[in-house]
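Should a chain be cited, it is by its letter among A, B, C, D and E, assigned in written order, with residues numbered from 1 in that chain.
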Amino acid sequence: MNNSKDLEKMIPLNVHSDNKNLYLENLKKITKDTGKLFLFAGDQKIEHLNKDFYGKDISSQSADPEHLFKIANSGYVGCFATQLGLISKYGNDYKNINYVVKLNSKTDLVQTKQSEPMSSLLNTVQDVVDFKQSSALSIVGVGYTIYLGSEYESAMLAQASRIIYDAHKNGLIAILWIYPRGKAVKNELDPELIAGACGVGVCLGADFVKINNPGKEYLTNCVKAAGRTGIVLAGGKHKDSEIFLEELYEQVNKFKISGCAIGRNIHQKDLDNAVRFCKAIYGIIYENIILNDAKNYLKE
Amino acid sequence: MNNSKDLEKMIPLNVHSDNKNLYLENLKKITKDTGKLFLFAGDQKIEHLNKDFYGKDISSQSADPEHLFKIANSGYVGCFATQLGLISKYGNDYKNINYVVKLNSKTDLVQTKQSEPMSSLLNTVQDVVDFKQSSALSIVGVGYTIYLGSEYESAMLAQASRIIYDAHKNGLIAILWIYPRGKAVKNELDPELIAGACGVGVCLGADFVKINNPGKEYLTNCVKAAGRTGIVLAGGKHKDSEIFLEELYEQVNKFKISGCAIGRNIHQKDLDNAVRFCKAIYGIIYENIILNDAKNYLKE
Amino acid sequence: MNNSKDLEKMIPLNVHSDNKNLYLENLKKITKDTGKLFLFAGDQKIEHLNKDFYGKDISSQSADPEHLFKIANSGYVGCFATQLGLISKYGNDYKNINYVVKLNSKTDLVQTKQSEPMSSLLNTVQDVVDFKQSSALSIVGVGYTIYLGSEYESAMLAQASRIIYDAHKNGLIAILWIYPRGKAVKNELDPELIAGACGVGVCLGADFVKINNPGKEYLTNCVKAAGRTGIVLAGGKHKDSEIFLEELYEQVNKFKISGCAIGRNIHQKDLDNAVRFCKAIYGIIYENIILNDAKNYLKE
Amino acid sequence: MNNSKDLEKMIPLNVHSDNKNLYLENLKKITKDTGKLFLFAGDQKIEHLNKDFYGKDISSQSADPEHLFKIANSGYVGCFATQLGLISKYGNDYKNINYVVKLNSKTDLVQTKQSEPMSSLLNTVQDVVDFKQSSALSIVGVGYTIYLGSEYESAMLAQASRIIYDAHKNGLIAILWIYPRGKAVKNELDPELIAGACGVGVCLGADFVKINNPGKEYLTNCVKAAGRTGIVLAGGKHKDSEIFLEELYEQVNKFKISGCAIGRNIHQKDLDNAVRFCKAIYGIIYENIILNDAKNYLKE
Amino acid sequence: MNNSKDLEKMIPLNVHSDNKNLYLENLKKITKDTGKLFLFAGDQKIEHLNKDFYGKDISSQSADPEHLFKIANSGYVGCFATQLGLISKYGNDYKNINYVVKLNSKTDLVQTKQSEPMSSLLNTVQDVVDFKQSSALSIVGVGYTIYLGSEYESAMLAQASRIIYDAHKNGLIAILWIYPRGKAVKNELDPELIAGACGVGVCLGADFVKINNPGKEYLTNCVKAAGRTGIVLAGGKHKDSEIFLEELYEQVNKFKISGCAIGRNIHQKDLDNAVRFCKAIYGIIYENIILNDAKNYLKE
């Protein structure tokens, strides 16, 4: 859909003039020149602790953190998002991955009914910039989670704004995970709230916002609310791969959703099946393949 | 009412001597040499989420964030106030707008009865100064909301004071939104409280204070309490345009209110009607036109 | 009582050697070479909002913030204490006033029974130093309020200590407002607590402490507890001017109180009466006039 | 198991290039070229106050803090972890010890049911780097405790991440103590939570994580979850030394646990017995000796 | 007991090499070459407000803050500890006193049952270093109070650690006041807790720890727990001077306590009696005089 010239128009004005080329290059890397995004989310070892990586219907390969890197290394994801610490441990063996550093993470031990959700910065954008240089890894962007409606919302909006400003200044892509959560939020999947989250994302200057799927009939509403910020949908709990692809195909092609940001649906598979699944998603998002061709990747 | 020489007298003493001309230029830009102000408020995508932009009696054009920029680009507003992030996404296509960067914003998900209101800084004045230079946009000032009577009031007064000091130092106009809110506030529209808010505004050194309308009989009281700080009235929920103009006309001409700071009443209209409405307001505030001429803009 | 040589002995040891002359000059300015102090307190537009400036028995002139400057400009006060923001708006027209920048202020909306009192810094001492230089105003000192007995007392003691240290370093006079307040304080006017407040003041290194009047029989106790820190008494609600002068005369001449720090009793009068009243106070504190001569100023 | 070449592969990517040799040297020092770790934990004088050092079944030698240094000085531990302050008092007489500076510590006076656990930084990594240089001690790393599941978890994750980043940058080994604790944690020894803690450790980039023993059947799970981060088991309350060695032997040789991090089981013995015990542990972890040889150290 | 060579061994390793001589000199000054300490505590005007200085059985001289300086100036105390602010007001007339700057202080208005105790820093060590230089006073060290067992304990441990590190770096002696206090502390005088406080003191690297007297039978335990950190006992409420000396004599000579840190027992006497009392204490702690000689000072 986009070409390089279109992508150039997507460079935000807070990218420092010296870093406009770098930003554009990063945008091309993770969108494969399309403006769309397939983000492989790998921050769950903190967010969900061990339960996503071990148990019934989960490949035993998933228990090893390196599994995530092996999948990302296949070349069939736009970028791989995880914590800087984890990257520091494995990155030396996986230099071809486009990394997005997930800057905040919390466990799910303390539940909303006990205490309002807040997730603090593990690293600053400056850390990322320094780490990028010293590691020579292809670090293309940063990610940050906001819990909209939490009593700590104001602090998280402030941190998100700071991060996006600093990321853009340094030529990095900025991606927000925005989830309505807190005592004030009766229904975390309320489609009007999710559309509101999209609006918050563009007001903060995010390049992409990861949201929970508000339901097919509300996708257009979200795309409009997000304006020039791309929307990528979270995968949620493991679901049937073919159904996932059908839904994704429709989201991207009919509703102009920018892509998806998923983790469990990929890494809970063994490496071979995970890569096949990535190929299918990659094809739909980046290569405009038809649904059947995508499904065929699962079976090859 | 004012001329340039009068405006010069309005330069606060904390404007750095190197930036006095810049401040004066900014003041002229947003007041069109009159000392009065028509501020188009566009921070609601965070403040009110999606409900202001979508629904019954709202133009479908309002759903797209770009609608705000198209209206502001008409040339018939004094300035357009919104978040830096949003400006970074659209500013490149809208270089003629006079921008006021709204420095704090929160959603309305957490209500006062649950938790005292607090709205943190999304960006610093230094960010704005840097962004202004790197973007070459016409950024003329900054805005900040204080919830007077909140248990976090003291923190917000401190931030507001910091921002105004830094803004003036750098030649930028400083505008406060002051709303009484919190458990301690029985009636957010209590006219005595609103007059108090005006006094707080001038003590913090604000150039303009946006307040809710305390009622016609209390406007003079507010203007006195604000002293050398101009008062602009919020628009609130959508109301009939003609009635709005009649009220504005009286506020400005009879009660010496400096103007208005409105959003929903403008952007919920389609572009054509929104611009007509802006023309009418622009005429009343900046051009001293008579009420009928203003109303005629609505019908042309 | 003092002469310049005595004043020299009052220079605290934390005044930077380069600024000893400046400190001495400031001390002379506000004490008129006497070591005593008549402070005109003008921070109530934040502290008390509009109710001190408008209503029954209040001159209509009081509604305009400029009224405060006109009174201070009469030359019959030692110094005028108000917020930096307000000074920035009017100072250019009132260059002969000796200003004390009141560094913190809060409204009285949130009452002690709802939330423990805390008043944050609106500006730093460095801001004041910079503002003094850029404005060329005669800024002679800074003021800060501590609520002793509040659960936030520790934070306020720390800020007060910081401010006094920085003020002295830069040659500025440091004045504390110390009021016992909070759930732990059964009686805000308990004379033992007020004497304690005086001791806190000298331990923090304040030059003057503004306290509420503990009652005639306790003044000596307070003066002793304060040691080398001068005590000035707050005026409180409006009272009969002649009675005020009688009390002041006794406080200064019999009990060795350093003077007074009052606002409402002055600014709620019209300009003429306010200046007469200031002349009378000025005479008692700085010129050793007899009570009848002071009273005569009210009638001239 | 490892040789130097293997150890080189363990250097995290956030070690500054100038400090890679230093990091490697430190890693060799504490792992004796094996990649495994015997950490002598000596932070209990703050963590447990005096009760670990005085009482029934505790050698009277344990009461003197120097006891810890005498044991560590025997040469039969990989490293000795304690607070910088304590090191500053005794280090000059114990220059051959490899020190790990424990950066945070709290007492156990305030229990979880009263207040959620939080342990703040006593020193920064920069303090450690400076202290290392000025003291010329062999300081090889830093340690930090996280209470996973505390309402302050997010703040501790952020501090831990900061510390690890800074430690690695400066060539220091980074070790986390991770204990599930807080109202949200029903069972602090829940093996699934402990496995989750291991995953958190590797995501933060820790080199080693000290955990409580989840039970034999869960060790493999933990080792997998930790990936490239080594696991060392806490000793807990004093237990029979022979049983301890049997368990350790199995943990290291059968379950690939990296070693142990213990305190009370060592320092509550007199010096002679403490050193014998250390020799046995040292042999198992670093020298691959058989269990009987280890047990013989206890009897020699 | 000690000689200079012994004192040299007491220099902590975090004293910067350039400041080792300065530290040693300060240590000699306050211990009179003995390693022991008589600290005159004068921070009560904030800690206890006015009640320690005025009332039954208190010399009327005590009401004047200068009384403290006159006593310290007698030359018969090791050092005088009070707030920097108070020193700034009187120090110019009392240049021969060895000052310890008490860095934090709070009043006792808010009681533990209302709110957990927390005492914030009034000044930083850098302030003290700067003040020492500009005032040319003999400032030999700093003091800080920790409330062990408070919910704010972690913050105070962190501040204490910071202060000790910075003090030592700059050649200053670091003294902790450690008092168990807070809802979690059932008995503030529990001897096991007090022994624990001694252990905390040495782990933070303090040179001396001021504790409440745990009772004669527990002193040895405390001395052991403190290791290389000296213990000085608080005096508490006024008691009979002869009994005080008898107890002190036994504490120092039999139980190897390093000395005492007292205020009220001294300053509530008139100057003559206060100095006699100081001479007696000075003799016991620094000059190894016998008890009767000490008692004779009281009567001379």
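Going forward, a residue touches a chain if its C-beta (ideal position, glycine included) is under 8 Å from a C-beta of that chain, and two chains touch if they have at least 3 such contacts.
On a predicted model such as this, the values are computed, not experimentally measured, just so you know.
*Asks:* List every chain that touches both chain A and chain B.
*Replies:* Touches both chain A and chain B: nothing.
*Asks:* Centre to centre, by mean C-alpha position, how many angstrom separate chain A and chain C?
*Replies:* Roughly 57 Å, centre to centre.
*Asks:* Compute the distance, rounded to whole Å, between the mean C-alpha positions of chain A and chain D.
*Replies:* Chain centroid spacing, chain A to chain D, equals 35 Å.
*Asks:* Where does chain D touch two or more other chains at once, residue-wise?
*Replies:* Nothing qualifies.
*Asks:* Given which chains touch which, is the overall layout a line, a ring, a star, complete, or other?
*Replies:* Chain contacts: single closed ring, each chain with exactly two partners.
*Asks:* Going round the ring from chain A toward chain B, what is the chain order?
*Replies:* Read cyclically, starting with chain A and passing chain B second, the order is A, B, C, E, D.
*Asks:* Sort out for me which residues of chain C touch chain E in the complex.
*Replies:* Touching chain E from chain C are residues 9, 11-14, 16-17, 148-151, 153-155, 157-158, 161-162, 164-165, 168, 180, 182-185, 192-193, 195-200, 202-206, 221, 224-225, 227-229.
*Asks:* Flag every residue of chain E that touches chain C in the complex, lowest number first.
*Replies:* For chain E paired with chain C, touching residues are 43, 45-46, 49-51, 53-54, 63-66, 82-92, 104-107, 109-111, 114-115, 118-123, 127, 131, 134-135, 137.
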